[in-house]
Amino acid sequence: MNLPDPNQLIDQLAERIRPRLQPECALLGIHTGGVWVMEALVERLGVDLPRGVLDIAFYRDDFSRIGLHPEVKPSSIPFEVEGRHILLIDDVFYTGRTIRAAMNLVFDYGRPASIRLAVLVDRGGRELPLCPDYTGVKMDMEAGQNISLEQDEGGRLRLMMKQEAA
Amino acid sequence: MKILIRNGRVIDPASGLDAIQDIYVAAGRIVAMGQAPADFHANHEIDATGLVVAPGLVDLAVRLREPGLEYMATLESEMHAAAAGGITSLACPPDTDPPLDEPGLIEMLKFRAKNSPGPRVYPIGALTWKLKGERLTEMGELHEAGCVAFSQADTPMANTQVMLRALEYASTFDLPVWLRPQDAYLGKDGVVHDGVVSARLGLPAIPVPAETVALQTIILLVRETGARVHFCRLSSRAGVDMVRKAKADGLPITCDVAIHHVHLTEMDVADFNSNCHVEPPFRSQRDRDALRQAIKDGVIDAICSDHAPVDDDAKEKPFQESEPGITGVELLLPLTLKWAREAGLGLADALATITSKPADILGVDAGRLAVGRPADLCLFEPDATWTVSEKSLRSLGKNSPFLGHELQGRVRYTVIDGHIDYKAN
Amino acid sequence: MSRNLQLTEDGKLRHLLTLDGLPARILTQILDTAESFVSIGDREVKKVPLLRGKAVFNLFFENSTRTRTTFEIAAKRLSADVFNLNIATSATNKGETLLDTVANLSAMQADMFVVRHASSGAPHLIARHVAPHISVVNAGDGRCAHPTQGLLDMFTIRHYKGGFHNLRVAIVGDVLHSRVARSQIHALTTLGCPEVRVVAPRTLLPRDVESMGVHVHHTMETGIKDVDVIIMLRLQNERMQGDLLPSAGEYYKHWGLTPEKMKLAKPDAIVMHPGPMNRGVEIDSDVADGKHSVILPQVTFGIAVRMAVMSMVAGSGA
């Protein structure tokens, strides 16, 4: 499968998001890929919106199966969440569980006015009644396939596909 | 009962005999060695090919837990375990409940032991009433009832005046006093050696001076009184040096060590294994090496099991709350053989420390193979290996730090007073 | 064995019993994870759902309201259900053995035991006997270990000093009876601190304390000279007069930390104390409340460190 160039996808995402931006908007990127996408989007949008970083390790629903992630990063939301319009950003949308965890995390900081979701890739396979508001590309992938966003040493983004061992 | 023991390697440490020979037993005695006596018709023959035929083991400290401590083990179970360990004579320390401080208790113990199969039992009487270190016991009466020596067991004696008088009184009857050198205050409430492990684990410690201060006091009192003293369970290099010097000065003293102290050190406690909770505590490797050397030199006369069966409830506690003691009658032989192999010592020299030498300390006719002597024998397979496990131990006490260890040397037959008391499956 | 007992086969933290023998990798992971929990205290909702539905039993065979409370806060911030059992006053008085008590509580579907006990090694004993899904966290055993206190002290040092590799640390006071000191010494030596000193009269030091990798000093004049960190230990009341020390006054004069003695340390030295303090016995109020003191931040960090430990051991059965 030929994978799309994430930079083009981010360009398209930025164009779709731009008309809906409001002054009281804030961005939250989900660690790690979502943060890269957020930084790239901010560059393209050319606006200085408040933004933060979420690490959802403490909110995962599979903790009792896989334990605590060995490298947890602190979440950082350097703005008041109460009453804010929040745009949540992640790289890949799959089951929806990450987004569920991220929303719970956000609510522990306060009650936002709204939350919308932007993702680079919607790979299909959702297990919760959630779907992105802004999508770079929709792809239908099989369960054993894994797509992820990677950043090389020069800071360039690219999508990588892996086949999980059966 | 007439028994012919055929073709075994007969080792008598006391005489130096080490030869393939037949032994003829009748009416509880050895009636001939080598040549069959005239008209000898055996009721029973033992083929001892490949086995060592040694004097039965003489163990200077076996707790049968009677009277009073039957929840830990019973006289029957421990007598059987001792026989399975090749032991044919044993001394019982007085730390029962109540302690062995009255002739009636001694008579009862002797009676119980006599009516139960197993080794000959020699009670050690309490030196002071209730082992409290205050009032002397009726040593004359206790001796008549069957006590071969007097002791404080593991209870230290704080009052040196009482100690002096106890030694004087015992020596009036020419009775030996057995003492484990232990100061009443130093290391009180301690559970491990005062060394690297106590520093690391924060367990209350017993310093070496707890042993040496007491040793020095007793040695000075022996010098004064001429009383015969046997030191029990030396644990330290400094203690060994003091005994070496006192012996060189010609004092009437002897001493023993517990077999587990010959093998283990404070490091074995490092995972809070309560089976390593023992009195005196395991000390440093230097101390252990000094003990080993001292047995080789003869400064330490005998090795004993210091058998102390303890029930699981009393051991499955945090280390410092657990009951001290190690079950040992079944490990005395293999652990002594292990030490001898490691020390490069021959079988006869090794066996002397658990047969003829302790018999001399006990002052009984045991530990020797000769015509006319009691037929107390231990037949063992020196190279057979077995694994120590709760199942393989016959003692009701499973409290051994050697659980899971593979040991070499297995008892096949134990003959006591001319009867086969134990036969391995 | 205690080493293996604490780690799963794939090297995750299974129980926290002692810092003795835990690899630097694990200590650092605990400190890093705690870093993420510190900020949760500043949020509107000071909780994360990590241990939701898990039952944490605080088994305190020895009373300690302070330590129990910090564990309780930590467990509640992880959304666990917390049950406090003050066993010092209940079961063992009825003759129940330690292992019976543990078996009973295990039958109540416990997931974690936080254990405080007066005997060294008691948490090890419990850890050897619990079901595979139950974790044990040592909240102080005898004189042996107080690993979460040791870890929160490391967190505090790292927070103020950036690391351990160039530090001189002095631990002052009753090392002999101190589980806190033992845990601190193991952690500091494991994390690469080049010079750990203990400062005390000889009656308050274990005989072979050097074998733990520390330098022994008997006076404050040499002991805290040019140090970056001073850790004061609590002197128990019952030890102030007797055969260990003649009087609290003499102790304060020689080993108490005063503003005057502070001048011996580096100008930017920090002062720590595991609490509760005896002002005027081991530490002067002007030092305890002064600019070098980080005693209150220690308490705050303690909650994050305990959250990190509890979430790591609770997830290790996976």
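Letters A, B and C mark the chains as written, and numbering starts fresh at 1 in each.
Heads up, the rule we're going with is that a residue touches a chain if its C-beta (ideal position, glycine included) is under 8 Å from a C-beta of that chain, and two chains touch if they have at least 3 such contacts.
Just so it is clear, the model here is predicted, and its values are computed rather than measured.
Compared on C-beta pairs in contact, B-C and A-C come out with B-C as the pair having more. Taking the mean of each chain's C-alpha atoms, the chain whose centre lies closest to the overall C-alpha mean is C.
The chain with its Cα centre farthest from the Cα centre of chain A is B. Mean C-alpha position of chain A lies 75 Å from that of chain B. Here the spacing of chain B and chain C, counted between their Cα centres, is 44 Å. With each centre defined as the average position of its C-alpha atoms, the distance from chain A to chain C rounds to 39 Å.
Across the complex, chain C meets chain B through its residues 1-2, 5, 20, 97-99, 117, 119-122, 124-125, 129, 141-145, 177-179, 182, 206-209, 211-212.
Those residues of chain C whose C-beta lies close enough to touch chain A in the complex are 12, 29, 32-33, 35-36, 38-39, 43-45, 47-50, 311-312, 314-318. Remark: chain A residues 55, 57-59, 63-68, 70-76, 81, 104-105, 107-110 touch chain C in the complex. Residue ranges on chain B touching chain C, taken from their complex, read 194-196, 198-205, 207, 270-273, 313, 316-321.
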